[in-house]
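Take a look at the structure set out below.
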Amino acid sequence: MNNRVGVFICHCGKNIARTVDVEALRKEAAGLPGVEWAEDDMYLCSDPGQQLIRERIAEQNLDAVVVAACSPTLHTTTFRRAVESAGVNPFRLEIANIREQCSWVHPGTAETTHKAAALVRSGVEKARRTQPLEPIHVGLQRAVVVIGGGVAGIQAALDIAEAGYPVHLVEQGPNLGGRMAQLSETFPTLDCSSCILTPKMVEVSHHPLVTIHTLAEVTDVEGSIGNFQVRIRQQPRYVIAEGCTGCGDCVPACPQVVPGEFDRGLGARKAIYIPFPQAVPFTYTLDREHCLNQGPLIICDRCAQACEPRAIDFDQQPSEELVEAGAIVLATGCDTLPLSHFREYGHDRHPDVIDGLMFERLLSASGPTHGEIRRPSDHRVPKSIAFVQCAGSRDPERGKAYCSQICCMYTAKHALLYHHAVPDGKVYIFYIDIRAGGKGYEEFVERVRAEDGINYIRGKVAKLIPKDGKLEVWGVDTLLGEQVKVEVDLVVLATALVPSQGIQELARVARVAIDGDGFLSEAHPKLRPVESQTRGIYLAGTAQGPRDISATVAHAAGAASKVLGLFSHDELVEEPTIARVNEALCRGCSFCVSVCPYDAISLHEGTAHVNETLCRGCGACTPACFAAALGPRGFEDDQILAQIRALAC
Amino acid sequence: MTEHTYWRTPLDLERWPIPRGQVVVLAERCKGCELCIEHCPVQMLTWSADYNAKGYRYPVIVAGREEACIACGYCQSVCPDFAIYVEIRLPSPEAGSCMTGS
Amino acid sequence: MTSLAYYPGCSLKRFASGCEIAGLEAARRLGIELVELERWNCCGTVFSMSSGERMHHLGSLRNLVRVQEAGYPEVVTMCAMCQNTLRQVNNEVRGDGDSLAMMNRFMDEEPAYRGEVEVLHYLTLLDRLGSEAIAARVERPLTGLRVAPYYGCTLVRPPSAGIDDPEDPNIMERLLEALGAKVVRDPMRVECCGAYMGVSKPGTINVRASAIHGSARNSGAEALATMCPLCAHNLDAVGPAPDEPALVVFYFTQLVALALGAKPEQCLAATQRVDPRPLLSTKGLLEEPQP
Amino acid sequence: MKTSMGSGSTRIPLRQQVEELCEQSIGTCYQCGNCSSGCPMGPWMDALPNQLIRRLQLGLEDTTRFASPWVCASCFACGVRCPKGIDVPRVMEALRVVGLRSGEDHIGPHTIEKKRLSQLPQIALVAHMRKATG
Amino acid sequence: MLIGDRKQQSYEPRIVAFLCNWCAYAGADLAGTQRLSYPPNVRVIRLMCSGRVDPGFIIEAFLEGADGVIVAGCHPGECHYEHGNRLAERRMTTLQHLLGFIGIEQARVRLAWVSAAEGRKFAQLIETTVEEVRALGPFQQFPRRAP
């Protein structure tokens, strides 16, 4: 126990001295057990004030300090530096908050001084029981794993790699590009989506510091900030990447035609394929699920025979790789609510009821119709289209309670592009509210609204009835107060954005939280939007919540800058005020393990062990410990009990 | 009604030519093991009504499925008696389309 | 032979008797004995949805007490409206102990209802047997008969009282397929026929019936199958406007009885405005089943 | 203006009255109109269901003058489709109850032709009487 | 001497408050910044999280002469440490069941959620707690420990 405590009482001008009798307080403090020196000063936080503390430490050979002043949130760092420079361990400083929680809130009566004295006494009792603590230094692996090869993942990977750090970009599918690659044009500028994405894809694929893992998944994450070990499982492509020249000779040879995922089933592909002409890497993929060779027996090898460079390898096996990384960026993107969800809109599974992403493929020059809008049932050019917004969004009862953010805009874009392609076509947009809150967005919607032949109808659609090759849309115009029935050739549902499949498993593996809708949870909705609740793991793009391309890119750049901020240090310096186990007392009951919010405690050979980089010192484990074997440094039981004794009497 | 996500007929099927083949059966070599009929991925083979000289039924093409052969070569690969083979016709866009797979 | 309590309701004893006669015959042929409750009263026809009108539930509640007295855990209904009203009242009192206690006090001449009876619709009963078991009993498959099931409202809505998905039900389709019929999925099959509004606004029913008949016809149906006496009345007895063609409207039970080999007079006992016999005879469904 | 006996200005506001009767939260409606889109009786209504709810949200006491609740066939389609989980049929029922409590029936045997009366099935008559008479 | 034996004088309840660093303590600081006044009967112990509060601390406070105890943390769902406040809630709920058994009125122990933005709420919390504990009278069930 330290018995050479110095107490320094600040007047804070008149802020404290107005209501607290500082002189009485000093006298009281000087008489407390363990106090070697007590002094007051006008402004302790000023340079002369700090100098005073330093001098007294040296003169009086103090080994712990109590500063009675303002809130510790304001000047802890100031006074820690001051005592440290005088040779006292900074964690032997205690602050008694006699301003915010005493002099400012109570009148100038004896009772206020009385309270201040109690707070000082409490501080002294704690200070006497402090131990010297050293900050924890942790090495830092300056490499990143970015999970998800869409525009968010690409942006984050490029930003980090440009700063000079190696990046592993892990993509589940056979190629990069994500959702953005599927889009035709982007709102509100009508830039061609693949034209602006392709250069980025090429850049990331050629970057010497970026390693791209396609057909790959992260199956396990160990470790913590600065030192993650990420297990990447690589699915076989059955095409040797180095060998494939992308000539495509294998494709006509393949006898198996299947609906392609990239075209949302509106376009076909072979069992050996490349999803789209700009794909990166430009390597073909053999889809064994649809290949004729289902067993180990290879009988149809027509693709292999057609392949001049002999790049097809039916014997490829899954492989695993363990990657060291200091940070992880999750950019797993989004999906849309499946059309089968909407039983009232397509109970007969009408081919001409499609979702917005399918319509993007119909509009896309690289799509199945080369950009000509044709409806799936009979390939005719639709003469009328109904767009149904909020299909599953803003529908807490049967869909998702949230607004999907992008549907108002892409529906307006769809209407405009269709109208340009089919000038005599009729468009009916059924909406509830138009949400166009981006730069140039409202202007874009206004432009679409002004088009002749595009009708915005305020009201939700209850049902679609197939009728004589058309679809009868049952809607309402809530502004007119009349029911609306229109027969159209094609119905496009603006389906709600949902997190990608598999995100729950990834969240479990990476130990990040997900919200009630399945999106990844940010650390703070306003102030820490790109950080997950797990340190060292950052979020980018629609994995965290619905957003459009520009917001996704900004979010990803934000995540990258957080990673770079982390990497700007030589090593991680962690506060030492974390939990500590007295191994002699620990009985290995594991109660602490179950209460720790950070999975920072584990049992090794029957004794609790604290991972110093995961522990954040909340102290939740301590009350759970029956053996009193566990306590957070700086807030240990004996310190708090001494404070209680000092305060309660 | 399929629950498969992508159940619509792709709009560009005709753009995806499928290699075509012509199955040739050497009936007299066949000893009726059924492997070719069993393995044909487009189910275009069935038993003949009559018997060959050895007294076996042999594979014949299902009526109406003459054009179904995708020249995969399964039948000739599995035939233990070299009694069936496929002549490959070059894929052509107008060869017609038949979507296979699930 | 399984024995179950049976609540017919008023319509099945009068203008919808065809539904009951065929339904009972079909049940007999499937080895199910439906024992009609000794005393029963009107269910109230419609469920009162207002918090202040609990007394309207008494009719249904008394019937549930009758089932409880007779010692059956379940009661089978054929009428869609009866099943809806009984089920909703049952749900209401089960979910609200105070309400049940109040109602029991009010019916102090009756034994207190304990809330344990389950209301079961005839369709659910058949579905429990399973398509395969029913298909095995079919003597006169409805081959070639293109039927559009028509659910109307009260079989499927509200979801708490419905027997299948409110937007996309499938139970009648499954059973009709088991009977060998060609099932037509009509998009209007859960849309309201106008219900009781025919009383005060007769014209509305023709409009609704036209839409429903027209949609089923466009979908390729030759007949509609329903389980609701009020739907049957509106779609058949009232029907579309006079100049518009009308499909044959069957009670679902009639098709079951027919397929299971019952005599045509048992299946088609009550008068149907649109005579089903010509349609059935073109399909050879009025002949004696082949052994 | 019609005034209920013994009520005057102390009468409970209509919205509160309806909310108590139907046990639904009228305020959650965001006027998407889905209830009205699929309403089979919509063509015969003088105000669509969403409009009635809007009027109730605003506390307009004259909402009771509309005929719509008496045209509603209680088919429950609106309630099934409401994205906000409002059981709209219950709101309609509450409006009917409010109307009936003022002592006015909206149908009676005398209003129906004798000949039709004998042709109408009891299920329709009982149902309609239950919904439209006090 | 400043500190007399208060039980001899007119009764002023003594409240010990355990505040989490991120929400409740910051809320108490805000009350100060806003110069809200509240009774000086409260003595604050700053902890990193309300989940650190051991029920034993509360008993200890009563043993040492406190008349009431406040535990305050972040609002549910806003815990700086994911769910430490939930642990506090569970521990306090259990403790509440046992208080009567050991002779402490339940009203003497209060669990509250105060955010960093709720200075006024903090001041009101102290006011109402002091009033309620004052009404209960001094806590004298336990013989005071010898100092």
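Just so it is clear, A, B, C, D and E label the chains in written order, and each chain counts residues from 1 on its own.
Just so it is clear, a contact is a pair of C-beta atoms (placed from the backbone, for glycine too) under 8 Å apart; a residue touches a chain by one contact, two chains touch by 3 or more.
All values derive from a computational prediction rather than experimental measurement.
Steps from subunit B to subunit C, minimised over paths through touching chains, total 2. Centroid distances from subunit E, each centroid being the mean of CA atoms, peak for B.
Among the other chains, the CA centroid farthest from that of subunit D is the one of B. In this structure, the chain pairs C-D and A-C differ in their number of contacting C-beta pairs, and the larger number is found at C-D. Closest to the middle of the protein, by Cα centroid, lies chain A. Subunit D and subunit E, compared by their mean Cα positions, are separated by 54 Å. Centre to centre, using the average C-alpha position, subunit B and subunit D are separated by 66 Å.
Rounded to whole angstrom units, the spacing between the C-alpha centres of subunit A and subunit E is 36.
The set of subunit D residues that touch two or more partner chains comprises 43, 77. Residues of subunit A in contact with at least two other chains: 344, 463.
Interfaces, counted as pairs of touching chains, are A-B, A-C, A-D, A-E, C-D.
Within the complex formed with subunit A, the residues of subunit D that make contact are 30-39, 42-43, 47-48, 50-51, 77, 81-85. For subunit A in complex with subunit C, the residues that touch the partner chain are 343-344, 347-348, 463-468.
Against subunit D, in their complex, subunit C makes its touches with residues 10-11, 14-16, 42, 44-46, 48-53, 56, 79, 81, 153-154, 157-159, 166-167, 190-192, 194-202, 204, 207-208, 229-230, 233, 237.
Subunit A contributes residues 24, 28, 71-73, 97, 99-102, 104-107, 109-115, 117-119, 122, 513, 533, 577, 595, 597-598, 616-620, 622-623, 632, 635, 637, 640-641, 643-645, 647-649 to its touches with subunit E in the complex. Looking at the complex, you find that subunit B touches subunit A at residues 1, 3, 5-13, 15-19, 39, 41, 70-74, 77-78, 91, 97-102.
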